[in-house]
Each structure stands twice: as C-alpha cells, then as structure tokens.
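One chain, chain A, links the two complexes that follow: it is found with chain B in the first and with chain C in the second.
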Partner chain A sequence: MEFRKKTLTNGLDIVGELNKSAKSVAVGFFIKTGSRDETKQINGASHFLEHMLFKGTERLSAIEVNEAFDRTGAQYNAFTSEENTVFYAAVLPEYFARVTELWIELMRPALRDQDFNIEKNVIKEEIAMYKDLPSFDVVDRCRSLHFDTHPCGNSVLGSEESVEALQANQMRDYFMRRYVPNNMVLACAGNFEWERLCSLAEQTCCGWQRQTVERELQHFTGSKRKEHIKKANLAREHICLMSAGVSAQNERRFAASLLAAIIGDEVGSRYYWQLIDKAIAETAVMQFGAMDGTGAFCSYIRCGSENVPEVLGIINGIFVDLSKAGITKEELIKAKNKMLSALVIKNELPMGRLIDLGFNWIYLKQYRTVDDDINAIKAVTVKDINLLIRHLEPGDFTQFSIGPTQSE
Partner chain B sequence: MAMIEKLDKHTLKNGMVILGEQMEAVQSVAFGFMLPAGAAMLPDDCCGAANVIADWIFRGAGDKNSRQLSDALDGLGLHRASSISSSHISIGAALEASNLSQALDLHADIIIRPSLDKDQFELARQLAIDGVQALDDDPRQKVMLKLKEQFYPAPLGRSTAGDIEQLSSLTAEQTGQIVKDSFSLSESIFAVAGKYDFDSVCRQLDGLFGTVSARQVEPSVLGLKAEKYQHIPNEGAQVHIGLMTETVKLTDSDYYNARVAMSVLSGGMSARLFTEVREKRGLCYAVGARYHALKETAGIMCYAGTIPENAQETLDVIMREFNRLREGISEDEIERAKAGLKSMLILQSESSSSRAGGIATDYYMLGRVRSLDEIKNRIDATSVDSILRFLQNNEFREFTVVTIGPKQVSVQ
Partner chain C sequence: MEFRKKTLTNGLDIVGELNKSAKSVAVGFFIKTGSRDETKQINGASHFLEHMLFKGTERLSAIEVNEAFDRTGAQYNAFTSEENTVFYAAVLPEYFARVTELWIELMRPALRDQDFNIEKNVIKEEIAMYKDLPSFDVVDRCRSLHFDTHPCGNSVLGSEESVEALQANQMRDYFMRRYVPNNMVLACAGNFEWERLCSLAEQTCCGWQRQTVERELQHFTGSKRKEHIKKANLAREHICLMSAGVSAQNERRFAASLLAAIIGDEVGSRYYWQLIDKAIAETAVMQFGAMDGTGAFCSYIRCGSENVPEVLGIINGIFVDLSKAGITKEELIKAKNKMLSALVIKNELPMGRLIDLGFNWIYLKQYRTVDDDINAIKAVTVKDINLLIRHLEPGDFTQFSIGPTQSE
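Moving on to the complex of A and B:
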C-alpha cells in the first residue's frame, strides 16, 4: 500500500492509496455537503442534487451518462447524508481512466429544468418508499427530534412538501455554493496509476473556481424529548433512541464505537442478552455515528406493542448499570475482536477502503492506514469507556416511537 | 488476462464435500456449511421451523451453554452469517484467518451436538413468530416472499420466514426430530475461501464430522402453482409490485443467453427497465429484475414500488419491456450487459465471503465449481443472435403478480 496526495491550486484535494495486488479499483468524489447545510426552504436539495448529477452535462444526456457508466461495467452509485454527498464506482483497472473522466465531467452538471421536473417524481417516490419502511422512518424522525434546532436534524430526503416547492434555480444556486473544489475530495483506492489520476484531474478540475464555504459547527447534546405517533397499519412497535456522542475529529470516537457495540451489537451485547435472547424484543441494536463537530448514539428496537413498557424498563436498567458499574474487561475484549475483524474484512475490498480513505480526508485531512485504526481500537481501555459513559450519559436520550397503538 | 484460481476439493467418508478457494491478497477467511434443511425440505405443517432451528442450535452446544457458546464465538471476532433458502440452512462466518480452526471446532458442536434445550426452544420460536409479524412492516420484503410462494410449485416457494399458525403449534420434540433427520452430512457442502491451509482444514473436518453417519434426504413431491395474481391490502404510501416469470435453469445450455438478456432488461442504469420506468417516466424510485434459481426450476423476479396513482402504468410498462425484449436488442446493449456481468464476477471474487458462497452454490446446483474464466468465456460467447433466438424460443408467457398496498392492479 502506498499513499499519495496532491492539492490543486483551487483547493481540490486528490488522495490515493495504491494496491497493485488488487483486481479492481474504486474511485469517487466526496463532497462536504448534506442536509445540515440546507435551510428549511430548500430542505432535500443536497439529496435531489445527488440524483441530478446523473442527469448529465451540456455534452451528455442522462441516458448517455448511464450508457457510458455501463460500458465500463462499473458498480457505481451515490449517497447523501446529513453532511456528505459521495459518488463512487468500482471497476476493473482497464476502465479506471474512463470512469474517472466521467465522474470529473459529471461534477459540472447541466441541471436542466426538464430533467429536474421528471426527477422530482422519482424523489417523491423515494420519500413514499421510506414512509413504508417504519424502521427507517423512525430513525429519521428521531434524528429531527433529537437535534431539534440544530441543522443536523434536517431530513436528508426532505418532505414531500419541501421537495414539491423546490425550484430548479434554488438547486443551481446551492450547487454553485457547495460543489466548489475546496469543498471536495477526489479519492481513489486499489489498482491504478497515480500519475494518470492526477493528469485527468488537472486537465479539467483546474478550471473550477475556489469559493469560501461555511458550515455551522456547534456541538449539540440533544433535546431529550420523547414522542410517539400511532400508525394503524403497522404490526410492530418501532423505537429509536438517540443520545450525545463525540465528533469525527475526536480521538475518543473509537471508544464510542466500542461502547455502542458493547451495548447494542447484533449478538453478544447487553441489548442482545437482556432483550433478544429472552425474546422480549425482536431487534435491538445500537450504533455510534461520528459527525462533523458532533456525534450521536442511535438505538433501534422493534417489539410487540404489549412489550414496550418491559423493553423500556430493561433498557433503563442497562443504562443505570452502566453508569454505576461501567463495562467489564471481557465485554471490551469481545467488542474489540469483532470490530477488528470487521475492519480487516471491509478493507480487503478497494470499495471498502475508498470509503475510509475519503472520510478520513473529509473529516481529518489525514491519511490513516488500516493498521492505524487497528492500533487505535486496541489502545482503548475499560477506563476510557467508563469515563465516556460518565461524560456522555447515554441513558439520557431522545426517544421517538411509531406503532399501532396510541400510547407508547 | 486469464484468471487462475485453484479449487480445493475433498470428500469425507460419509459423503460430505469440502471445497476451498485460496485467495492470495486477503488476511481473512470465510466459511459456510450448507445443510439440506431449507424451507422446502421440511415436513408439511411446520413452515418456519428452519428459522427456529437456525437460532436454536446456537443456544448451547457441546459442553457450552448459550452464553458460553456466544462468548466463545465473539471471542474469535467472528461475523456470523446464517441464512435460510428453499433448499438449505446455511451457517457460516467471516473472520481473521488465524482463528479458523477454533471456529470450526465450535461449529462442529453447533451442527452435530446442539443442546436443543426446551426452554431455549420457546424463545427461538417466539423470535421466529416476531420475525414473521415484522414483515407486515416491511412490505417490500414481504411482497417478494409472497411472490416466491405464488410462483414456485409447492413446497419450493414456501416462505423462508415462516407461517405464524404453523410456528405457533410447533413443538420442541418435532423440531428436534427435524434437526436429526435433516442435518444430513452426506448431502452437506462445506466451503472455505480466503487464507487457509486445505490439508489441515480437511484433517480437522475429517476428525470432527467424518465418522458421523449419513442419511438420505427425501426429495420433495411438487404440488401445483398458485393463482396468477394476489393482492394484499395495506394502507401504506406505495403499491409494492412483485412480478415473476419462468426461465431456464443454471444447467440449461441457454443459461448464459438468459443471464445476458436479463442484464439487458435490468443490469445497470442504462438497462431497459430503469430507462423506461424511472428515467423516462419518473414512475418509481426502485425498479429492477433479477435471475432467481432453485435446483428444480428458475425464474426472473421483478420488483417495483410506486404511489397508487402510478401502479397500473408501472406494471404495464414493465410487462411491455419483458415482451419487447425478443423484438430486438442492439449490439451496444449486449456489450454493456456483458461488461456489467463480467465485472461483477471479478469484483465479487475479491471478497472471501462471496467466494465461499459462490463455490458452494455452484457445487449444489451443478455438481462442480465453474472457474471464473469459464463463466467469462461463456458470457463472451453469447451474441445478439443467440440471445434473440433464445428469447423467441422461450417467450415470457405467464406472469405471477403479487401486490401489497392501498390499490389493486389489473393483470392481463
């Protein structure tokens, strides 16, 4: 593995990790923009814009873009979160240049009215699809409740109303402000030639204009409010809990991830033994999400409505125990072993490696090897995690639930 | 560039087949046991038992209770992956290569010496029932399970999640007997991929499983297909449409023609369904079709989700695209379809888990494992002519359709 880095004069960072033994290569653009960078008036614009980038350029129609990608056999897509928009493709090395050129070209899209109007229907369908997935819907609503007035509470998809009201010129304006070279990273991992990547980027990206970009960055500990809504067509109760975490820039993020695994990994965690093993809940998991300047723990629990009081009682007991007695050494060892093997397995694929490479650059402007992360995980102690529990009080959470009955 | 991968193969005395594929670039190893106890292999009236079993056997085995077993697996940093198909319960894991031997010891206990404790049975059964109920809140997944039930002749399409009534009357004795009868090692396949030493894996598995006697599993007697259209009312935001039609099996000489044709219909984003349904008309966010094979028969499965006002048009456009395929395909479309299939093959070959799954499935379906080069060459050998000839000789005649949502559709 060899790391290379270059910054163009307009501020575009290019980072690459070369692995000549890989059979494929993954390449992508990471743009530091998401729903937290939107105002209420344009909520949903980042995600809509992600769709619109596939709709072509002055030179290419949407159908030509799709054909150009498919000719390379690429596995490609994009995703938008509260704070990032990522476009990625995995291809065989012989198609590397073609697919990289294509991404570079698409970063300056035409954003045509006609495409905008058709795609609006697709976005509304996507919103409708997630409405029918309460396991997703409950997390989205809990995030809004938890972050309250903080911009991280903005929905990624937006609402049907906000998307309906969105105008093409508002999106163009948002694009001009956010897709600027100093707010983007071009990343590449796997079997490719570094010089080729740089020359492709220099040919086209040098013409992109640098511009000042801002983001509101205050930390937020959460509203701690509790809400429930009834949806008569549901069969189960879906519960989401969120509490304050540490940021993606904070070195305690590894301890926070281990704590989430100890509390709510799919198997072998406290949730697992006290809720799933006993068949009181069907699903109960916790994850930690580190974000720009802030962070959050998020639990998702699904159970029968009749079990809700018992489930919440048990969860309360888990957090009381944790704040009184902390975690055990055995729990930490198991959580570390699982996290280390997941890390190794994920990073064996160029696509997995690309995601870590890109996000480490977005959040830290730092190259981290897989070994750097392995060592950081290994170094976490029981004391570190117990201090984190005391400091973050994960039992003091925001709660949102959706289910077939009136009371939670 | 020729792709050279070496396949390891060994058969234990009792008939259990051991397959392996070495991968130079990885530090991990993935393995899986395919046990012939899938949903269609079980006795009648216990639909869902495979799910109960896949949980129950982990609730204590050998000299370890449930907690000790789980702690031992977690201690190895193992990522468990169990799944139920029509034909098999698959139990496997991915982990760092140095822990493989210990993981295999624990899996021998789980497969040959599960405790099958009665109290633990009730918990595993309750979780299986909860899982079926949760499907009501995931119409997209539910529609595809229902579609397989409707499309395949019974019991092949039997729900892999289960049936609440049958799960409710299932007993520990009955289920314990199924474990004894169905975990037939002579028809089980073990596959490993990644970093491992084949001789020591074989020696270890021979010691763990080699002396366990073999039983024959009775093939199921096939029933009739269900009706062509089923609608399940649900006051949700979308109509979830599942559509399925028959095609050739993996053993058929036209298999690769069928796969490339499917890729023209729904491979990448330039494929017909995505272009016609989403790009040109904006009818759906999610629309796609894929090949789904059992050993006995195979089908093309299609999903689309759309708001009620668009449901009929979506179905009509999809069916038109299925039928229009045989009227003509361009060279460029075929080239894109081939590029997509070949690149997916190689990208997946970088993951130890997908390779372990791939070689085991090949062996079950074909009785041998295809090399990546063989698959690549067979894809390359298809042409516009061979694919159109295949489509004209195998018209899509019957469609099975299932919808879940606030509105029905009409199916011609």
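Moving on to the complex of A and C:
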C-alpha cells in the first residue's frame, strides 16, 4: 500500500492508494454537496443533479454514456446523502484510464432542459416509491423533526412539491456553485498507475474554475420532539428515534459507533436480546452517523401496534440502565470484534477502500490506513463509552412514528 | 495463492486456497442437498434444516450459538437452493480456529422437538412473506411449471401445507441421510493455516459416518407450458420465462452466462434497450443458472398489464432475431468485460472466493483459479454462442405470469 496525493492549482485534490496486488481498481469523485447545502426552494437539487450527470455531456448522449460504461465492464453507481454526492466505479486495471476519463468528462455535464424535464418524472416516481416504504419514510421524517431548522433536516430526495417547482436554471446555478474543483476529491484505490491518474486529471480538470464555496456548520442538539402519524393501510408500527452524536471530525466517533452496536446491532445487542429475541418487535436496530460538524444516533423499530407501549418501556429501561450502570466489558469486546471484521473485510476490496479513502479526505483531509482505524477502535475503553453516554444522553431522543392507530 | 486438498477416510473433502496477503479468512460447509433431493412429502426439509442448525447442539443452546458467533465478530450466514445448503463465515485470521470449530460443531445439531415446533412458525411466516412478493412467487411457480415432474421443480421453501405436515423425525431422518461426510465439503479461503484446518476437522469430523447418498440426475427439456394467475390486488404484471440450459459440469456454461447477459443484463442488454430504455417494461432481466446435470435460463419481466402483448411481442422478436442473425461481436465484448470484472471483484474477497472454491469442488471436484475462469470466458467466441442458441432454442420457453387481469 502506498499513498499519493496531489492538489491541482484550482484546488482539486487527487488522492490515491496503490495496491499492486489488487486485481481491480476503483475510482470516483467525491463532491462535498448534499441536501444540507440546499435551500428549501431547491430541496432535492443535489440528488437530481446526481441523476443528471448520467444524462450526458456536450459530446455524449445518455445512451453513449451508458454504452461507454458498459464497454469497460464497470461496476458503477452513485449516491447522494445529506452532505455528499459520490460517483464511483470498479474495473479491471486495463480499463482504468477509460473509466477515469469517463468520470472526468461526466463532471462537466450538459444539463439539457429536455433531459431535466424527463428526469423530473423519474425523480418524482422515486419520491412516491419511497413515501410508500414506511421504514424509509419514518427515518426521513424523524430526521427533519430532529434537526428542526438545522439544514441537516433537509430531505435528500426533496418533496414532490420542491422537485416539481425546481427549474433547470436553478439546478445549473447550484451545479456551478457546488461542483467546483476546490469542493471535490478525485480518489482512486487498487491496482493503477499514479502518474496516469494525475496526467488524466491534469489534461481536463485544470480548466475547471475555483470558486468560494461554503457550508453552514452550526452546532445543534436536536429538537427532542415527539410526533405520530396515523396511516390506516399499514399493518405495523414504524418508530424512529434520533439523538445527538459526535461529528466525523471528532475522535470519539469510533466510541459512538461501538455504542450504537452495543445498543442496536442487528444481532447480539441490547435491542436484540430484549426486543427481537423475545419477539416483542420484528426489527430494532441503532446506527450512528457521523456528519460534518455534527452527528446523530438513529434507531428504527418495527412492531405490532399493541406492543408499542411495551417496546418504548423496554427501550427506556435500556437507556436508564446504560446511564446508571454503563456498558460491560464483554459487550465492548463483542462490538469491537464485529466492527473490526466488518472494517477489514470491507477494505479488502478496492471498491470498499475507495469509499473510506475518499471520505477521510473529504472530512479530515487526512490519509488513514486501515490499521489506523483498527488501532483507534481497539483503543476505545469501557470508560470512554460510559463518558460518552453521560455526555450525549442517548435516551433523550426525538421520536417519530407511523402506524395504523392513533397515538395516545 | 496455494491450493490444498485432503479427504478424510469417511469421505469428507477439505479444500483450501491460502492467500497470505488477505486480511480475512472465510470458511464454510457446502452440503450437496436441497429441495431437489426431497420427496413431495417432505418438501421444504432442506431449508428447514438450514434454520435448525442454528438452534444448537447437545452442548450449545441457540443463544449460546448466537453469542459464540458474536464473540468472533463473524460476518456469517447460510442459504439453501434447489441443490445445495451452504453455511459460511468471514472473520479476522485470529478468529479462524474458533469459527471453524463452531461450524464443525453445528454440523451435528441437536434437532430438538421443541425448537422444531417453534421454528415451524418462523418458516411458515417466511413462506407467507415470499408468497406476498410477486417477483419471487412468479419465479418459484414458473420453475415448478418448467421442471414439471423433474425434482428441480420442487420449491426451496416448500408450501405451507408441506411444512405444516413435516414431522421432526422426518427431518432428522433426512438429516441422517444427507449430512453425511461424503456428501459435504469443508472449504476455506484467505489467510489461514492449512494444517490447523486439517487438525480441527480431523479431531471431530472423523467420527461422522459415511453412507451411500444419491441424487436423481435425469435429463429434461422443460415443459414449455404457459400459465397465468389473476391476482386482483396487484398493480403490475409479473412474467417469468424459463428455457433449457446447460449443466454446471458443461464447459459451455460460460457461453450460456454470456448469452444471458447479452439478452437480459440489467443495463445495456437487448431487453434493456428494447424494453427498459423505451419504458415499455420496468424490469426485464435474464439470468442463466447452471445446475447439477441440468440448467435453465430464467427471465423476469415486470410491466403494466396493458403492455403485456407488446412486451411478449418484443421478446419474441429478440429471440427470432437471435436465431436468424445471432449475436454481434460488440455485444460479446461488452458482456465479457462485465462478466470478467464482476468475477474478479467478487473473487478478490475471501468470502467471494470461498463460494467459487466450494462450488467448483461440489460440482466438478476440481480446483479452478480465477485465471482459469477468466481464460474460459475470454475463449468464448461469437460462433460458440450462436451454436448454443441453435442448440438450446431459448425462445422456446415455459411461461408463468401473475397479474391483475385475466389472461386472454
């Protein structure tokens, strides 16, 4: 493994981790923009843009983009979150240059009116589809309730209304402000030539114009409000709980992830033994999400309506017990082992490695080896986590639920 | 990479591919048993058994099994198909011995009456859940229609009736006949000690008794029947098409997979350009499944009811054109690139490598490197595929559909 880094004069960061023994290579663009960077008026623009990048450039039609990827045999995709838009592909080393050139080309899309109008319907269908998935909808609504006026409460997809109202020129304006080289990272992991990557980027990306770009990073603690919506057609109650976490820049992020696993990993956690194993809930998981300057714990629970009071009582009991007695050494050992193996296995693949490489640069401007993360996880103590519980009070949460009955 | 192999006196094959540069190790048992090895009376027994193995042994309760995996941090799971039951786990090298011992122990489960009775309800709920998924149900029903009286038509999950009627002693009897060492492979890939694997297996597995075990391997060509079921509550038509393929032992299996990708890969295929890109269907994919002594092409299409005649007309046109004109060189290049990159990327991870290692031994008693498969794929010619089309006639298919309207 060898780390290389270069910054073009316009501010575009290029980072690479070379692994000559890898059989594939993954390459992608990380753009530091997402729904938190949108105003209410253009909510959904980041995600819409992600779709539009595949619609082609001045030189390539959407069909030609599709066929160009196809010829490389790439496994490729993109995703948009509250704060990032990521485009990535994994290919055999012989197609590295071709797929890298393609991504570079797509970063300056045509954004044609006609494509925009057609794609608007695709996006609206996607929004409708997710609205029909209560497990997704409840988390989306809970995030908005929790983050309140903080921009991290903006929905990634946007609403049907905001997307309907969005104009092509608003999207082009958003693109011009956010897809600037000093707000992007070109990252690459696996078996490739570093000099080749740099020369490909220099050829084209040097023409991109630097611009001042900002993000609101105010502090927040969460609204702690509780809301319920009745949907008569549902068979089950869907509950989301959110509470304050630490940021992606905070070194306690590893302790926070371990805490979430202890409370709500899919198997073997407190939720698991007290809710799932006893068949009181069907799903009960907690995850921790570290974000730019902030972070949140998020629980999702699905159960029969008749079990809601018992479920909430048990969850309350879990948090009371954690506040009083803290976690056990055995719990921490199990959570660490699971996190370490997931980390190592994910990073064994260039595609998985790319994601961590890119995000570490986006959030920290730092190269971290897998061993750096392993050591950080191993170093977390029972005391660290118990202090975190005292500091963050995960039992003091925002709550949103959707289910077939009226709330009490 | 180094391949090692050992057969215990009772017939248990142990195969390993050592990769000292891997950061993890994957280990699993491949049992050559699935729904095709069941009679109608005990249909669902293989899948039921897969669940029961996690319910514990004479020494371990279900909770203790769960906690034992948890302590290793394993990423583990199991699956049952028409002809195999596979248990696998990936861990960090330091937990290799512990997780291997655990799998070995679980291969001789307690199969307690009480656990059986509780698990029966879990399985029945799983069956009910999948029945509610038309995309799954239509494929399951089409397979039964296609394979007709051939045992490959047996449903993996079984029916609610067959599972309800299943007795614990029938399942124990099935276990005794099928989970015999000469019908199993213990496989391991990644960073581990070969001698350690062998000594762990010898300690315990040597006590397992060899028995004669058989499988019906008769030839078949498919029923080619057409059936439709009306389900008024559905919004969309779900169509499954199946036709004869080649077996997992046939060297033309690579050509068959390429043909399926050319016709029905998710993007860039004939289905894609003629059905998806034109918005006539929402999903249209074809896959090829090579099985023991047989094989099948399987297409799944979802569309609005009003589009069914047009969809079937277009599909018919695709097959007529393939029969007459064959595939193009460009199509083959694209399909190869996609298959090669998927193959290489999957096999870069010990977990992915384990699956190919185990199945190559189950089906071929052969060690194949990734390069062996790469070369086999690269060697396929346009002529090979056109000959395959002529030989197999993929346009002559069995058809099952489920949708909101009565069929014409």
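The working rule: the second predicted complex is superposed on the first by the 407 of 408 C-alpha atoms of A that agree within 3 Å, B and C clash if a C-alpha of one lies under 4 Å from a C-alpha of the other, contacts with A are read in each partner's own complex, and residues count from 1 in each chain.
Convention: a contact is a pair of C-beta atoms (placed from the backbone, for glycine too) under 8 Å apart; a residue touches a chain by one contact, two chains touch by 3 or more.
All values reported here derive from a predicted model rather than from experimental measurement.
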{"item": "Which of chain B and chain C A:H238 touches, first, second, both or neither", "value": "first"}
{"item": "Which superposed partner A:D70 touches (first chain B, second chain C, both, neither)", "value": "both"}
{"item": "Contacts of A:Q167 with chain B and chain C, given as first, second, both or neither", "value": "neither"}
{"item": "Partner chain in contact with A:N121 - chain B first, chain C second, else both or neither", "value": "first"}
{"item": "Which partner reaches more residues of chain A (counting touched residues only), chain B or chain C", "value": "B"}
{"item": "Touched partner set for A:A22, first chain B, second chain C, both or neither", "value": "both"}
{"item": "First, second, both or neither for A:Q203, with chain B first and chain C second", "value": "neither"}
{"item": "Contacts of A:G304 with chain B and chain C, given as first, second, both or neither", "value": "first"}
{"item": "Partner chain in contact with A:Q406 - chain B first, chain C second, else both or neither", "value": "neither"}
{"item": "Overlap of chain C and chain B interfaces on chain A (superposed complexes)", "value": "21-24, 63, 66-67, 69-75, 90-92, 95, 267-268, 277, 333-334, 336-342, 344-345, 348-351"}
{"item": "Complex contact set, residues of chain C against chain A", "value": "21-24, 63, 66-67, 69-75, 90-92, 95, 267-268, 277, 333-334, 336-342, 344-345, 347-351, 370"}
{"item": "Residue ranges of chain A touching chain B (in the complex, touch as defined)", "value": "21-24, 54, 62-63, 66-67, 69-75, 90-92, 95, 118-126, 128-129, 131-135, 232-236, 238, 267-268, 273, 276-279, 282-283, 302-304, 330, 333-334, 336-342, 344-345, 348-351"}
{"item": "Complex interface listing, chain B residues touching chain A", "value": "24-28, 66-67, 70-71, 73-80, 94-96, 122-124, 126-127, 130-131, 133-134, 136-140, 234-238, 240, 267-271, 274-275, 278-286, 305-307, 332, 335-336, 339-344, 346-347, 349-353"}
